[in-house]
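Before I ask anything, here is the structure I am working with.
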Amino acid sequence: MNENPSRVEAFSDGVFAIAITLLILEIRVPHGAAGGGGGGGGLWPGLRALWPSYIAFLMSFVVILIEWVNHHELLRMVRGVNYPFMFANGLLLLTITFLPFPTAVLAANLATPDAGAAVTFYCMTFVLNALFWNVLFNTIVRGRLLRAEVSPDVVRNIRRTYYVSMAIYVLAAVLAFVQPALALLLNASLWIVFIRLGYRSESSVSSDRS
Amino acid sequence: MNENPSRVEAFSDGVFAIAITLLILEIRVPHGAAGGGGGGGGLWPGLRALWPSYIAFLMSFVVILIEWVNHHELLRMVRGVNYPFMFANGLLLLTITFLPFPTAVLAANLATPDAGAAVTFYCMTFVLNALFWNVLFNTIVRGRLLRAEVSPDVVRNIRRTYYVSMAIYVLAAVLAFVQPALALLLNASLWIVFIRLGYRSESSVSSDRS
Amino acid sequence: MNENPSRVEAFSDGVFAIAITLLILEIRVPHGAAGGGGGGGGLWPGLRALWPSYIAFLMSFVVILIEWVNHHELLRMVRGVNYPFMFANGLLLLTITFLPFPTAVLAANLATPDAGAAVTFYCMTFVLNALFWNVLFNTIVRGRLLRAEVSPDVVRNIRRTYYVSMAIYVLAAVLAFVQPALALLLNASLWIVFIRLGYRSESSVSSDRS
Amino acid sequence: MNENPSRVEAFSDGVFAIAITLLILEIRVPHGAAGGGGGGGGLWPGLRALWPSYIAFLMSFVVILIEWVNHHELLRMVRGVNYPFMFANGLLLLTITFLPFPTAVLAANLATPDAGAAVTFYCMTFVLNALFWNVLFNTIVRGRLLRAEVSPDVVRNIRRTYYVSMAIYVLAAVLAFVQPALALLLNASLWIVFIRLGYRSESSVSSDRS
């Protein structure tokens, strides 16, 4: 361990901020609308028909926001970073930068018979994402990068959450074949788990900085 | 309250900077122009026909710029941030990242019979935006995150401005059904209100840092 | 004057960095290429035909890079920023975020009879850009934001450069009607002027920090 | 040499972060999928057919990540930056911002008879990229910007790596005419060289900061 994490933070913040802002590019102005019909008012049906895009946008926005907050809390537990950390962090960022694509696939197919396949593909991205959170955390623990005040309890809790979430994402990916809407709900239910994880992580290191 | 707001600032700055820069992607090179006609000069009509895009670009650029400045001033009033702050701030950023879409809808429809619907949709985004400014400010006040030197007068003034602006955005959204151009003007008139708000906020905390 | 310029710097850096990176989105993969013809080798003519895009990309990249460096040097001359500075800086950033559009117009028309109009439009953007550099510098001088060690000579030199460059951009915009290629060269010749300006500005404040 | 590299770092980090995040925009939602066929399940073949896009995305993601890490390590060896450094760094960033285009060309042609040409074009971008790393490093050495503790051995090692990698990229560009897949593998084999270079560079300056 030989340097403080500030530049990795800055780079990661950049990637999170850009990925979350690029999501909107997947929502296209309704085609029929611009050409316009007779007496106006043709825009509203076009905007309403985009509901799958709004859902996909909102889901990915919330999850990137939560992951950014948790990334933030994770780096606060860390004394410094090493070379393996940089690449483990890079794998995590890979799934974040990839996310606008499954989001667009979800938006384009949610209202079609391919909804199931689209939700499965979307959830599979999160299986990878959860896996790389796990890899990053293991890299931190093995590299002895954790601050002394992070208790074994907190470490165990984080580990368990990563395993549980990976299992739930796999379940959601399979469930999507038969019940796409339910699978999306299951996916979203993990938000609560992650918010609680971040909140506990925060508490575990807050004392030394407040 | 347990940490200073610098990383939230960096993330928010990133989102504001990216959203303001992505706006230009909605202005497409005029189609007829590239193919070119006979003796040149066909480009100017194509560029002139894009006036709704220029107006939409300019309006959204100015409003994001002003909101960034005010976000900046708001965070200067704050002693630190907590977990709820992160998510309230996230909601505000949600409306900022969403903005390129209503901007594109406005650009595509301002010169069509759907102008009214497009302006209503555009103004509705700002109703949400004003609401989330309100939520963020309440989160700050309730979490006792405000610096001691911020007087109750300033707090009352900020609150009032948020309520007034939300009301005016609702009014503009309704007015747009009958008078789209006037509704856009009403929307833009709020810039003055926000600039004054930011200026006052700045004064209220400037003494301790100059 | 009541705060240090670090957050304005961060926001401006973000906008410069994003605008310079978005330029590439205007270069599209050659259409014929993907479909592919008979025995391969159809890609090279497609890539060669994009020469106007490469020129436009390169010109805008270099100018944004130079402007970023000069913005950097300008902010090093400044003791702090005030509210008017934020908005004058915003106007400058407006022309930077707008630049990908005239760049795309230039790329799409450089090899057509509309080349003259495209170059005029491109140069007109820089007339505005030079004007807003001027506005920003006047805001700094009037707000007494300059560091004490910046000599009147340096101030006079900067002012003169802005006026000269604005005049040359106007000249290039007019010249483009008859000689587009020459007008682009004239536009590019200003790079040398700006690099020299930045270099001198750097020297003028370097003593106090080295 | 007259200033510390922090703002150049911030700008470069921004460009690296944006370029790496923009890569995903090149992967488009499969067209046939949205229209949907009979009973669903038409999305998977569409997603599978995008394998050239995934390969191109992954290759460019990894290389930008590695280059960012190495840029990071390079700047840690530096005492400060000067004006020539800014522009040499700009040339390097030029090839980074350009990368999404050859990546898209690669993705669009990898499964066509034009694969060879696309891989050659892709590798040629890296010839330039390696050349500009060389220029940047020479600018640092000539400007006496290196920290005292960087040994001549490290300098020699870095130089040698840049020359070797440039030669290998040229070789890969030529090889691509006959064996595109092998050329891509050769290109990827340099990742190991760069990771080792970054790792050694890190070690060479770690003592003074740990």
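Labels for the chains are A, B, C and D, by order of writing; each one numbers its residues from 1.
Methods note: a contact is a pair of C-beta atoms (placed from the backbone, for glycine too) under 8 Å apart; a residue touches a chain by one contact, two chains touch by 3 or more.
Bear in mind that the values here come from a model prediction, so they are computed numbers and not experimental data.
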Angle, in degrees to the nearest 5, of the Cα rotation that carries subunit C onto subunit D: 90
Copies subunit A and subunit B touch via same or different residues, half shared test: different
Most remote chain, CA-based centroid, reference being subunit B: D
Subunit B and subunit C, separation of their C-alpha mean positions in angstrom: 25
Length of the line joining the C-alpha centres of subunit B and subunit D, rounded to whole Å: 36
Where subunit D touches two or more other chains, by residue: 10, 14, 18, 22, 25
Every chain pair in contact, whichever chains are involved: A-B, A-D, B-C, C-D
Residues of subunit B touching subunit A in the complex: 1-3, 7, 10-11, 14-15, 18-19, 22, 25, 80, 83, 86-87, 90, 93-94, 97-101, 104-105, 108-109, 112-118, 121
Subunit C-facing residues of subunit B, complex: 9-10, 13-14, 16-18, 20-25, 27, 29-30, 33-44, 47, 57-58, 61-62, 65, 68-69, 72, 76, 195, 198-199, 202, 206, 209-210
